[in-house]
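What follows is a pair of complexes built around chain A, which joins chain B in one and chain C in the other.
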Partner chain A sequence: MRELISVFYRFSIRLLLLIPVVLAVITIGFVLMKLFPGDPAVLLAGEAASPQYIERIREIYGLDKPVWEQYLLYLERVMMLDLGYSLSYKRPVLDVILTRLPYTVILAISGLSIGLILGLFLGIISAWYRKKLISPIINSIAFIFYSTPVYVIGQFLIYYFAITYRVFPVGGVVTIGVEHRNFYTYVLDVLWHLTLPSLTLGLVFMASYVKLTRSSFLEVISSSYFLAARSMGLRNSTLLFKHALRNAIIPVITLAGVQLGMLIGGVIITESMFSWPGIGQLTMEAVSTRDYPLLLGIFIFTSIAVVVINAIVDFIYSIIDPRIKDRW
Partner chain B sequence: MGSRKYVEGVKWLGLGSMLLVIASVLAMIPILSSQPQGNVLRVALISEPRFLDPYWGGWNTGFVSAQIFDSLLQYDVNGNIVPGLAKSYEILPEEGAYVFVLREGVKFHDGKPLTPEDVKFSFEVLIPNYDTFGVEYFANTTVEIINSSAVKIKPGKFLPAIQIPLIASLDCAILPKHLLEGKDYYQSDFIYKPIGTGPFMFKEWVKGSHIILVKNPDYWDKGKPLLDQIIIRIITDASSIVAALQAGELDYVFRGLPYEVYPTLIKNPKLDVIPSLNPPYKLVVQFNCQHPILSNKLVRQAIAYAINKTEIVEKVTLGLAKVTYSFLTERYAPTTNAVVYEYNPAKAEELLDKAGYPRRGDGTRFTLELLLRNEPEEMNVGYMIRDYLSKVGIKVETKVVEFGTWLDLQVKGQYDFNVGKYWIVPFWHYQLFTTKYIGKGAFTNTMFYSNPEVDKLFEQWISETNPEKQKELLMKIDNHLSTDLPWIPIYDIVWLNVKGKYVKGPDIPIGRYVFFDKLYNTYIETTQVTPPTQTPTTPTSPTTTPSPTPSPAPDIMSISTIIIVIIVLGMVVLLLLKRRK
Partner chain C sequence: MRKLNSLTVCVVLTFLLGIVGLLADQVAPYDPLNTRMFRGLQPPSNVNLMGTDQLGRDVFSWVVYGIRTSLLVGLSSATMAVALAVIIGLLSGYKGGIIGNVLMRVADVFLSIPRFMLIIVTVVLLSPRISNIILVIAMFSWPEAARVVRSEVLSIKEREYVMAAKALGSRDLDIMITEILPNTTPTILSLWTLIIAEAILTESALGFLGLSDFNYPSLGVMLMMAKNAIFVGGWWVLLFPSITLVILILMFNFLSDKLIERLSPRLG
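And then the complex of A and B:
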């Protein structure tokens, strides 16, 4: 019972934290965009428009009202969970974001998983066999991916796997124009398209996880409690999974949690390189068309995502590391 | 050292996951072969349309909408105006009206017939209120239905030189009254699920991914279109478009490729690279004619002499673009009447001295600010111009901003001169260079240029119905403009159209009116022994039967890669087993 209350207590604090974050995001975003010169009505009107036409657009979208009025209106609507109406899509902002969200979530989770699995695996090997040749090899591979920009990795994968060998497609989510016989082939098609973008992300993340896993693992296995466990004559697998990994994994999970939050905000470069219709691409579009409501909506959505995911990561901690739970 | 069992555990874990990956790759192979079959054209757009409507969108919206909607008139392959939904038309200059006789048996994609009511609704309600140019040039239009197949359209102002080209364009597309009457056009669902009379019907649109159009079997121009489907993919990254072209995942791209990819793509034996001058766009230097120094015509002419256009074309566009002196293109008026400013720095210096700006003690004459937007091509040109001008003693400071700001500063007149790309079409020049469009906002006379002679010629041109006389007037205008130089035209922009060699038909390269051209003569040539015997203009489709080509199975390289991986894995397993013993 006491535990439940403390969980509830902690969660409410997290929720309360959301309010100032969101308020700050709305205000900062709004002020910043209003500071930029440039007329959204002109951009909405298109490449070559007559002046009367631009005037009409201005009226239709209330862009002729004073700035503070636009701001107050926006605040009021956000309080009622109405993120507004996208100027360019002419649909509710939340709708627009939600149609793109699944793509970003799939890409983020698969990329992060690949990175996490590879990173943990290689990190552990590199730490466990720290005196063997494999360790510096893994370290240098990690270092290479750590220092290579994501678009170079992506272009390399595209060139090798999509153009030269044509094993994977260049981009997109499914093969367009092909009727899928059943759901199974559809899922396979999506996975096929997902491979290169998630591998790109995965390789980038792998590098940092290898380094982190290795250092925290080395710390654990050189600690006295690990020596004690070892001297008890425990089996190596028990030692590894129960004593070493469980302690070494905590900083890795912290990093993964923070990164997942950021990923939900969209992986702009990877998404546009692989024509992946996620939130990253949506952000780019919103910036280029000066779609204020949409851009603000994405900001708010992303900041909420970061806060919520961090809260979830905190819970995962408490499961892995009982010491944290006790500290509540 | 580490116990054997643990080592095994880790190794088996690794092996297991590797095998899993391999298995999934193998499972995916059947999909490799499932590219769309038959007469399908896969096109890429570098930016996604915001909606699909004929009146309001940018070049990307227009390209898609052009396949879905028809206008009363249309442009043929050579850019001539020919009948569209109207089988004939007549201009009545005395009445200031146009009479159109509608084609019979035209149906919208939902099966409802096209009636004069639709024309009346489009010209009275939609075009004057929602079309980019209609707001200006079709205000207060009235339509009189003469009989069940003829209409008389009487615009508020009779401007045939502008209105006829517009009626032939997508800007005056005819939309179904029964779906739009009484609705707020902008808020309606119609602009996401458009229904027109055009050669292709809208099928689906997955935002951020693709749009699919399918053949309209009831198209009024019998036998067309030749394609069964157009798949429009949204790929917002130029290098990804190049990759997809090379991988054979795209059949046609008409915009979005930088000049730099030309040498790479031209080497590809499977691709045709067509540098096209259509649609006509020019890269120009634009002056603020209210600026205390630049208001002097001599200074502008001096700058024109100081710029080496040939070198700019060589360096910025790899020699692909065409140096230009005219404000128009051959299509609208023979460009011989333009004043030519050959590169001549000595002459530039002479003119600057004459204008009263001699070199000062530090060698400079005066300082100007060059407004650029953050677009690589324009920036490169801008930096070269800065260097040319510094040689004749004009110090140039560059200011780089994004598009919105770039427009805004021009509208407010807060700039000295800039570099930009402009669509070249006479009726747009009308609102760029006439005095009455000063201070009317973006895409109007933001040069604050005024020449009563030019105004007079434009007013004559606008109400002229004879095409030959129109050309003469435009040539005179060109002469005036190239003397006054509110712009210095630098080069005609070339669009890299890239298509697979098997894509045939006279539609490509597109660009007769912006990029709003129908692809109804385009077809995919099958790689079979017998090439299509019909010419592409014959009404029967040259490839009616989907080719029985064996599905393009994964090529040998990918198969061999997989085999090698499997062999290597097998060896690893064997090695491990041996060690255990």
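And then the complex of A and C:
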């Protein structure tokens, strides 16, 4: 019980420490709004808005008041979860974002999982057979993928699997014009559409996982406790799964949390390539329709989400593995 | 004869690509921006080495100019970012103090939010001119480098020779420039090439999403054309710019890896 209270206490402190970061994110959002070379009221109301509407926006945001007052007003609105009003959707920005969020979460989780599984698998093989030919081959492949942009990988996958061999669909979430008899055929259809985009993301992230798994695995193999286990005459499979893998996997899993910010960049491009209707595609829609309130709203929303999720993930690790100390 | 090593090959290749970029006007047979609708989507031939895109633009000329744009954006934004990172890293690592700590907190904030999203929003708001793209990439690339420089400085400043310089009464600025900076050179060079690779990646990604300067052909823009071209069999629009881009990024990543191994064996 006392332990639980202490964990809860540490978690609360951890969340409290997030407040300055969240404030900083909102401040960046405000600075970005000010960066726009023109009337910020036009930025928020849209170029086609009536003079009356522009006037109302000016009043709501206090754009005729001094800058610090504008800043406080902006802060207050974001704190009240008011991210503004989307020009193209004619709905509150937060609403629009929340309807798209599930798609991005599904894509991000499946992409990250594929990357982790492939990366761990190849990294372990490369470390375990480090004196064989397979090891440099895996390392070179990982290095090439590490330097290949997401959209190059994605387009080659589309070219081979969607256009030449027609095994997977080109994009979208479900087949258009198909009535699904039950829930399972629907899920299967979605998974079928999810394959290429999540494979694209997975291949990009695989590269950095291979590198890390390999070095972490080599470190474990050369440690004295592993030597002790080996000299006990244990079988290779026991050595691998029971002694090496468990210890080598920790830093790799930690990286998964840290890379969340990078993941967002990959997700934006992947979604717009495969017309996957998540936050990334929404971002590009906002760019092409000049829906600046939506664009700024997405920025603030995803940044805060990434910061909070990273904090939670970090915290969970620090409980699972006491060697990792809280970073803040 | 000495065996060719991979670092030499890589440096030579980088210089070759640099020359291609520099002499783009001489190397490219056509004006890359020249559209000729009646010669759209021609496969590779003697006339168009790498074929043409939907608008009839010569892919080879575009790739040559694309190398120039990539290197321009990569070199200039990475140089700016690293210069900023060195100043901030030295300041906060050696002097600490309020300014140094605040700057590191700012770096932490930038490191914890999605960078590419921030770059997209800023470029869109400022309009995607080449100067804006370079500045924005530089603006958001220094934090990671500053962190690394700072940790290097923190370890170097405890060494004996720095103590000795201090005991001899050198000023802080002199110690920073003559004692500490030269010893961080391998790290700085490696960071520089790494950020060049990242900047080239970011610039082309922006081009792919349609955020590029019209006057500076970007490899990303040709890959955006490929998105539709591959549906009607135009594989050459995808293949050649992709290979060029991957080679560019690969080389700078490789240089970064090798430089750190070669110049400071203790880290390798």
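Annotations for the structure displayed:
Basically, the second predicted complex is superposed on the first by the 260 of 328 C-alpha atoms of A that agree within 3 Å, B and C clash if a C-alpha of one lies under 4 Å from a C-alpha of the other, contacts with A are read in each partner's own complex, and residues count from 1 in each chain.
Note that in this section contacts are C-beta pairs under 8 Å (C-beta built on N, C-alpha and C of every residue); 3 or more make two chains touch, one makes a residue touch a chain.
From a predicted model like this one, the values you see are computed outputs, not experimental measurements.
Legend: residue contacts after superposition of the two complexes on their common chain; A:100 is shown touching chain B, with no touch to chain C. In the superposed model, B is the one of chain B and chain C that contacts more residues of chain A. Of the two partner chains placed by the overlay, only chain B lies in contact with A:128; chain C stays clear of it.
In the superposed model, A:268 makes contact with chain C only, not with chain B. Of the two partner chains placed by superposition, A:293 touches none, neither chain B nor chain C. With both structures placed on the common chain, the touch criterion links A:189 to chain B but leaves chain C unconnected. When both complexes are overlaid on chain A, the residue A:306 reaches chain C alone and has no touch with chain B. When both complexes are overlaid on chain A, the residue A:284 reaches chain B and chain C alike. After overlaying the two complexes on the shared chain, residue contacts for A:53 are found with chain B alone; chain C is out of touch.
Of the two partner chains placed by the overlay, chain B and chain C both lie in contact with A:158. Once the two complexes are overlaid on chain A, the chain A residues touched by chain B in the first and by chain C in the second are 36-37, 43, 155, 158-159, 163, 272-273, 284, 288. In the complex of the two chains, the chain B residues touching chain A come out as 2-3, 5-6, 9-10, 13-14, 17, 24-25, 27-28, 30-32, 34-36, 40, 42, 47-48, 50-51, 56-59, 129, 132-133, 135-136, 186-187, 191, 206-210, 212, 229, 231, 233-237, 239-240, 243-244, 246-249, 401-405, 407-409, 411, 423, 428, 431, 437, 440-444, 554-555, 557-558, 561-562. If you check the complex, the residues on chain A that touch chain B are 36-40, 42-43, 45-56, 60, 88-90, 96, 99-100, 103, 117, 121, 124-125, 128-129, 155, 158-159, 162-167, 169-173, 175-178, 185, 188-189, 191-192, 235-237, 239-240, 272-275, 277-278, 281-282, 284-285, 288-290.
Every residue of chain A that touches chain C in the complex is listed here, in rising order: 20-21, 24-25, 28, 32, 35-37, 43, 143-144, 146-152, 155-156, 158-159, 163, 260-262, 264-265, 268-269, 272-273, 283-284, 287-288, 292, 295-296, 298-299, 302-303, 306-307, 310. Put simply, chain C touches chain A in their complex at residues 105-106, 108-109, 111-118, 120-122, 124-127, 197, 201, 204-205, 208-211, 220, 223, 226-227, 230-231, 235, 238, 242, 245-246, 249-250, 253-254.
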